[in-house]
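Below, chain A partners chain B and then partners chain C, in two separate complexes.
Right, the complex of A and B next:
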């Protein structure tokens, strides 16, 4: 297995390389090289063999395999440990379980599909193949009351990663949706385990409709995918890597400089601030103009009578113009 | 087993009752009655048998058995389901595990001893026999940021229960200690599992040195027990029941009327407010006068220059006079 990874590593450099050279460099027989190549091909790697010249890697499988995500991943913390599932009930629940068993900060759980994907407040999250279903374990040395900032941090990271890779213009809808042209392309979910004084762990869940085709009928017209918006497939491995890099960077900013920079970026990416909104909050429905998010990530709404209301959690039912 | 409970239930009424009457009332043979009595005696129930007159219950075992706690328990929610352990690693961890599996709100875990009892921030909590080690599962429909009020709620409940049963004057030390004559007699620990929008569960942990004798040497002079303070044994079953009743009552007040009443009671029971304190907070050490706790249960300290500082979590190292 290790030998196969070494062959793949060598082919990743992009050149055409002969079986003989590979065998010499890696110190194994040409037959062993040939077996590695066959095995990689079965995994979905497209390796061309030019008679007399050698092998060349011309395509990688569209799978979120740990070795793909780790190849060239420019992070120090996030994704250094990866739990990968073809199918899992929920990456969030799998990550919780790993975190409770003591998994390191930065460990991620990633899956091709989820059978019981969760959204906020116990809602379902459709998780067909082609999406990214990613959960990240963090252990910030902060007070539990600061945890409500993490949907904001993760939303900015995901939006920046999408923008960088696709040149689409994602928008953030309070509290945790990622939109393109007003349609939902992704969402954020935060779970935490805490004492009064400290956080044991936070799990950041990020779900993105990347090349997803088979979304449930009842959410058509509400959701979209990056493939639909771009008119072509988007590399899920690249996007997952970019999200990890962006999130690690924002997490460092948060730890060193606090929340203010991130709050400003969120506001710049937001479709909510400045708009007339109808919010179903914890206790009642509220209409007004979304003015700001505050230092905790709570939404500040100005009602028709001019008074300001602070909404810690809720759903925006309608955005009726800027 | 059910028959034994019925015999115990009948004897609890306090009268001397003949084996013949018991047999008739419960519809079983006198031999079966005799077996039940023997079995109860082996469990630690002191049942006297007066020849020709019958049986009388004159003493109960000093064990926190579910049937003892449930007998006459005046609650609707807390303690309706009880997980009892002679010995457990930590009632808090056992309760977490039950809560994650879907245990009902109000379920409690109680143990005679803990082998890995926890205090705040991963500290040890000495848990020899004779104490109460109690964890309570709640599922309040509140925002996670409100969870930091629960050490205050639980502290007031425990102090009121101790005062009612023993006529001692317990004091509360911010954030989570219960003191008598300045010595620690108990403490509160809160664990929670939450999303950004809602709480999955809160576990309230309450540890009280009741009849505890064998506390570790290194904490002598810092801690005390109710037995030491009263000069006699205190009924642990009665105290556990009283704590559940007080906590249920305060929990209802909190849900219906909010935190303000409880905050006032905490202040009245506090040894902290008004005193000069030295606090080791999240980031630095702070000296000043403890002025108040705010709506979130955070400590408000006035520094020598008159400015106010808000401490969400920390330890009070010294209280230097009122």
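Right, the complex of A and C next:
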């Protein structure tokens, strides 16, 4: 098993390398090398073999395999431990149970599909193949009441990652829906377990429609995928890596210098500020102009009578007239 | 402090000349005031002011524990509108059992019981906003 990873590692360098050299470098027999190659090919790695010359890696499987995500991952904390699932009920629930069992900060759960992906209270998150379903365990040493800023932090991280990789212009709808041309391409849900004055863990769940083809009919016209918007496939491994890098960087900024820089970035990415919005809460509806987000990330809405309202919960239904 | 205790205190004051009384216990402040020109029996009663503050209120004489919200948000009694509530009045809970979820900006804060006990009271209705430090449950420890 470890030998197979070593073979892959060597092939990643890009050159054609002979079985004999591989065997010598890794200190195993050529037959063992051949077995490793066969096993990698079965996983979806495309490895050419030239008689007399050796092997060359020409294609990787389009899967979010831990070894793919870890290869070249430029983080110190996030994604150092990865739990990978072909299919899982929910990466959030899987991450919750890992966190409850004491998983290290930065551990991630990632899946190709989810059978019971979750949105906000009582809502599903459609999770067909081709998307990224990622949950990240954090254990910030802050008071639980300060955790309210993580939805904003995570939204900025995901939008920046998409912007960097695709040259698309993602926008954030308060608090953290990720939109492209007004269509939803990603969403974020955060679970927290806390005691009165300390956080046990926070789990940031990010779902992105990357190369997703088969989104449910009832959300067509509301959602899109990066592939649709770019007109070509987008590397899911690369995007997952970029999200981890961005989130780690913002997490450090938050810990070291506070929320203000991130709040400004959110505002620059937002389609909400300055717009007329209709916010549907659990019990009431509020119409007005979105003025700002405050030091917690709460939305400040000015009603028609000029009074200001601070919104911390609810869905923004319409965003019109910048 | 339960309503019955409050009534007892008010009854005690009735036969005295005391017009103002303030009781403060860990996190709960109760102020009772009456106009000295009215006797309790004949005149209109002054409102009883109950102020609350603090995060966790231990009520020693009753031995009840108030679970207060560590965050602001919207209070949810179940994980979804079409499933049963995590707990009801009378539900026996173990340490670590989920009592409710408080949501703010799609951050779902699961509130777990810190003790074994029985739910005596639920202060809020499903879907209501909750403030930092606001009481949500009263639990009788086992």
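Everything below uses one rule, namely that the second predicted complex is superposed on the first by the 320 of 322 C-alpha atoms of A that agree within 3 Å, B and C clash if a C-alpha of one lies under 4 Å from a C-alpha of the other, contacts with A are read in each partner's own complex, and residues count from 1 in each chain.
One rule holds in what follows: contacts are C-beta pairs under 8 Å (C-beta built on N, C-alpha and C of every residue); 3 or more make two chains touch, one makes a residue touch a chain.
What you are looking at is a predicted structure, and each value in this text was computed from that prediction instead of being measured.
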| item | value |
| --- | --- |
| Fit or clash between chain C and chain B when superposed on chain A | clash |
| Which of chain B and chain C A:313 touches, first, second, both or neither | both |
| Which superposed partner A:106 touches (first chain B, second chain C, both, neither) | neither |
| A:147 touches, of chain B and chain C: first, second, both or neither? | both |
| Which superposed partner A:120 touches (first chain B, second chain C, both, neither) | both |
| Partner chain in contact with A:192 - chain B first, chain C second, else both or neither | both |
| Chain B versus chain C as contact partner of A:281, first or second or both or neither | second |
| Against chain C, colliding segment of chain B, chosen among 27-35, 243-251 or 279-287 | 243-251 |
| Those residues of chain A which chain B touches in one complex and chain C touches in the other | 120-121, 144-145, 147-148, 150-151, 175-176, 189-197, 282, 312-313 |
| Chain A-touching residues of chain C, taken from the complex the two chains share | 55-56, 70-74, 76, 79-82, 101, 103-110, 112, 114, 127-129, 132 |
| Complex interface listing, chain A residues touching chain C | 120-122, 144-145, 147-148, 150-152, 175-176, 188-197, 281-283, 297-298, 312-313 |
| Partner chain A, residues of chain B touching it in the complex | 120-121, 143-145, 147-148, 150-151, 175-176, 189-198, 282, 296, 312-313 |
